[in-house]
Amino acid sequence: MKRFLPVTAAVACGGLALLDFFFDSPHIDAAGTILVEGVTILAAFALLLGLLNILAVHLRRVASGGGDRGASLVLVLALLITTALGISMPDSPGIDWVFGYIYSPLQSTMTALLAFFVASAAYRAFKIRDAAAAILLISSLFVLFAQLPFSASLSPYIPSLRHWVFKVPVTASMRGLLFGIALGTITTSLRILLAVDKPYARSQEPR
Amino acid sequence: MIVCPACQHRNPEGAEVCEACGASLEGFAYRVCPKCGALNPAENLFCHRCLERLAGATSAKGEQPPATEEAEKVLAEVEEEEGTLPPFLVEQVEEAEGAPPVAEEPAPSEEEFPEALPPFIEVEEEEEEPVSEVEGPGGGETLEAVQAEAPAVPSEEREEKEEELPQVVVNPLAGVEDVLPLEAGISLPHRAEPLPTEGPTEKERADADLLRRIAEEGPPLQEAPRKAEEKGVRRLSGSGRALIYLLVLLAAVIPFFTGGQTARWVSPRRSVGVFADVMSRLPVHTPVLVSFDYSPAYGEELDPLARAVVQQLAARSVPMVVMSTKPEGIGIAEKVCTAVAQEMDNYRYGEHYAVLGYLPGEEAGLRTLRKGLADAFREDYVRHRPLSEIPVVSGIASVTDLEHIIVLSDESGIVRRWIEQVRRENTVLLHALVSARIEPTLIPYAQAGQLETLIGGAYGAAEYERATGMRGAAAQTVDADAVLFLVMLLIAVVTNVVLISGDKGRSPRR
Amino acid sequence: MQTIVNVLADLPPAAVEMVGMWVAALLTLAVLSFILGDNPLFRLAEYLFVGVAAGYAASLAWSNVLWPRLRLLVTEPGAYWYYGVFFALGILLLARGVKPLSFLGDLPLGVLFGTGAALALGGVITGTLLPQLRASFLSVSPSDYGEGVLGWACAIDALLIVLGTIAVVVVFHFSAPEDPKSRSWGYWLLNLFQGVGRKVMMVGFGALLAGAAFSFFAVLKGRLAFLCDWITHVVDVGL
Amino acid sequence: MPSLIHAIFFTVDVVALLTLFVSALMFIVFTIRAKGGASIPLRPIGVYEQMRRLVSHAAESGQSLHISAGSGCIGAEATPQAVMGLTAVDYLARRSAEYAYPMMSTAGSPTVFATTHGILQQAEGARGEAGGVGVRFYGPDPFAYAAGTYDTLQEKQPLAHIALGQFGAEGLWISEATNMRDGLRLGGTSDPSSAMLMWLSLDEAVIGEELYAAGAYLHHPSHLGSLATQDYLRAVLIFSIILGVVVASLGYWG
């Protein structure tokens, strides 16, 4: 029973959502809408579970008094205050302030760090060890160069070559990758829908 | 570094109790090699991987290779003989069997192992036991697995090695040690020797079982390049990294001093031109749906583009419905729209544009959008009124009533989601204004006509400003891109010069 | 709480904005300091970020997902009974945190997995696989593209796209020959295509790398521009 | 005739249903065969080989392994990717239960967190350990996830860090930020733009479709049916592309 219900739920919900995809019928449509709304609700509850985990981990750290105790306290306070502000007064300027002056700059600067990281990663990738690495190097430097505003004034062929690179090899490679991903997605989804794979069932059988 | 046996925390050399859990470090099990990071049994004098001398490991043995090194070596020799022991070992085996039962004294624990060992012969005596166990029933697979992976050494070479045994530094199991944790098997002394009086203890049984299970772990499909070596090739030193970071930072600072010298060369690409044209011809009574599906992370890249598009729509009083499928996106949407509406007096909330809000549920959310706008958003985001009371939205039942949807996104998955869930009816034209990072991923969709427009954010904004004749900030920073190109070129040159001068003959990465 | 908000609301907007700018600038600097190595300032900013991000997401989940539906469920239970089912499932999901009751969480997760797999499957077949397949049916006959050289160039382009796509698809072929030294023509062809496919893929990766560099660099430029604004402001106003 | 072909191919749902039906049929046949013991030789994939090897290393040294199953939300299109990340978690957890090495996991999506929690709870139960389950949730913001994972890695200093599942740019963030310390970094994702970034930075990475092979490479042999399906579907795909190009070139298309 412990396994039967979850597996049935997965197969039934999956089947319903699939039917909704392929058939146009008001009844299936209505059921599909209910299901997808339900998924949203469940995801919100999962988030709540996740928050409890963050709180537990960091409160334990605060209590145990390690070196990161202060930082953990900051985390917990930030979480609680933001949640309280957002829930009690969703339209107050307070939450906008937090979003605009704390959350946005932090997230944006975390992304900005990637500019450095991509350069240091390129250092390794640009080593010409074989033909493939050489192609990677040439293609990325060319695309970088062709994007510069004055590259067109150096030679009129540069923009057309860039256009060709994007139209032919880049399209081919991305389409090939997408086909591969599509095949992988199909089999993996089928594993779930046919209940061959049951990662959600905690009491799994040994493989 | 010393690894705490209780919690695996890495403590500095010389620590007596674990910093993390307070457990005593007396009799700690493992020491981390300061050079390559490999984990070594506490008794090792030298790292089993890179042969670096391990800090704190002082012993009367001086500079001799550590015991396990030789042990491994001998074991390899034995295995090359396909189970038949070399003559000198056979003698040792006979000696050992004839000797009084070792088990009368407790089996030496791992910590005591090296000190308790007299030099060379003792090592061999330790050694033959794992071998005999391996040959025994149930252990046969271990040996086979090892043999399958062990490098075949010609017999002359082996004889040479036998002669210079004590000095050999090269680990003959070099390719094998990563496959099977031989150290574990070797450094569990006396485990498998059947005792005349009593059977193996519980612990010994568990250990033997563990070894068997590890041995049964399927061999890898093909021998891959070794980890430690690969690190050396691929990882950048701290100073090199700092230099690269500095160069990138310099490149980003440049436009503050040059002030957009290269901006005059900016010319819109065809796709940008076409999109600007479409936007300038939109009928003034059909609303456009704009979805701000990006987070503040890419705000610096996509905000200028978003602002330019919203400005152009507002200037022509084209009605606009704004939403987001990313929780953070709606804040940005409101900010951009309010800023633009403040500039344009005759572009009013409710009448000309409305911010519907955040649509949760990714795929699922978009499907509800297809079924009905009022189902997806019960009320608008700014004034919290039902959608039916907002003039600009009241004519729209679902997204299929729209002609154009503009998706501003920083994730290819989101655009794909719009294509897969909303674009299916072939009636809506989808314009994707995306982060330059994901632009190439979406090209096949643009080529297939599933996307009407595809514009990369980083340079798209400057080109779009030029195409529409607006004055914006995006063009002012294009100088930096030229410097970025130079930095990347420099990186490419340097890495290959270093490669040619220093790293000849290293194995390719894949 | 309300009083704090009132006090804050009474502050002159300029002051609030100024404080905000300072906070944002200092946090930006703290995160950027990571390029010098891990340091306590970065740590602090990092923890603050994790906390604020989680709190923000939680408040959105409440105000956008849970609260509106809960309200509907309470006011019109007849029409929205199904929300009740999912709220109950959601509570079962929370049981995941309690060890003896952990198995209860399997049921809602089953719903999530099943629905997600179906959405992915349907989406990928109708949205990616088939449309992209149709888009690959390119004519390689020059007469379809125009007269003379142009027609031939377009036809060759089309042929290259098709061959390139096939080559990249083949790269991911998983089965290996039984005998690695197999000399059959099938494996020879497979190897040839895989070799070509990897190189085609590298062209795509090059374009992606360039795009990523531009993208992250644009963000970095934006952050530095913000810091520049802040410094100018500080210099102008004198704090 | 040409118009008939065209008509069939442009009514999406028929073709889509047919595709679904054919792939499901193939999948069922090959999975039954695989469960019956049929085996195919596979080309090596570095990440999965290293993972199998890491298990031995961890068992030998008692050091911990860290795995992140990504930030893909289950219940959305990222489900298959997330499932593959969870398959890897499951593999390490089962081995951890057998060999008693500690393992640690971070999850960037609440749904992945809930699933990982269950998997690890069971593994730890099997290992006979009480106490907290070794999974942490950070997120759902991808960069908060990156920051949290970085922090966990700093704290635990595991033998290796594996990032398998759905990742965006945070994949690059995690692997480059942790590049300063040693330990093996493996992983990969399917989305090309993020996969490229991870491939640049990680010691070994899977790209695109290789991610979906995690089950077959780690959990022989019942997953082999999926790979066989993928390979045969690939052949069908290539064949239909060639056929389509021929038809189009002859002028029978659109």
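Residue numbering begins at 1 within each chain, and the chains themselves are lettered A, B, C and D in the order written.
To be clear about the criterion, a contact is a pair of C-beta atoms (placed from the backbone, for glycine too) under 8 Å apart; a residue touches a chain by one contact, two chains touch by 3 or more.
No experiment lies behind these values; they were computed from the predicted model shown.
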Chains in simultaneous contact with chain A and chain B: C, D
More contacts between chains, A-D or B-C: A-D
Between chain C and chain D, centroid-to-centroid distance (C-alpha), Å: 16
Gap in Å, rounded to a whole number, between the CA centres of chain D and chain A: 13
Length of the line joining the C-alpha centres of chain A and chain C, rounded to whole Å: 4
Chain B, residues touching no fewer than two other chains: 234-236, 241, 245, 248-249, 252, 295, 297-300, 328, 360-361, 363-364, 367, 416-417, 420, 424, 437-438, 440-441, 444, 447, 459, 481, 484, 488
Residues of chain C engaged with two or more neighbouring chains: 34-35, 43, 46-47, 49-50, 53-54, 56-57, 60-61, 65, 93, 96-97, 102, 105-106, 109, 112-113, 115-117, 119-126, 128-129, 132-136, 162, 165-166, 169, 172, 201, 204-205, 207-209, 211-214, 216-217, 219-220, 222-223
Shared-contact residues (touching 2 or more other chains) in chain A: 18, 22, 35-37, 39-40, 42-44, 46-51, 53-54, 68, 99-100, 103-105, 107-108, 110-120, 122, 124-125, 137, 140-141, 144, 147, 166-167, 170-171, 174-175, 177-181, 185-186, 188-190, 192, 199-200, 202-203
Residues on chain D engaged by chain B in the complex (per definition of touch): 12, 42-44, 46, 49-50, 52-53, 55-57, 59-64, 73, 75-78, 98-99, 102, 141-143, 156-157, 159, 168-169, 179-180, 182-184, 191-193, 203-204, 220
Of chain A, residues touching chain B in the complex: 20, 29, 32-33, 35-37, 39-40, 43-44, 66, 96, 99-100, 103-105, 107-108, 110-112, 115-116, 119-120, 122-124, 126-130, 137, 140-141, 144-145, 147-150, 152-153, 159, 166-167, 170-171, 174-175, 178
Touch list for chain B against partner chain A, complex: 20, 234-236, 240-241, 244-245, 247-249, 252, 262-267, 269, 295-300, 328, 331, 335, 360-361, 363-365, 367-368, 371, 375, 440-444, 447, 459, 462, 478, 481-482, 484-485, 487-489, 491-492, 494-496, 499, 508-509
In the complex, chain A residues that touch chain D: 18, 22-23, 39, 42-43, 46-51, 53-54, 56-57, 60, 68, 107, 110-111, 113-114, 117-118, 120-122, 124-125, 174, 177-181, 183-192, 194, 196-197, 199-200, 202-204, 206-207
Residues of chain D touching chain A in the complex: 13, 16-17, 20, 23-24, 27-28, 31, 73, 75-76, 79-80, 83-84, 86-87, 90, 94, 107, 109-111, 113-115, 117-119, 121-122, 132, 135-141, 143-144, 146-147, 155, 169, 172-173, 176-177, 179, 190-192, 197, 200-201, 207-209, 211-213, 215, 219, 222-223, 225-227, 229-230, 233-234, 237
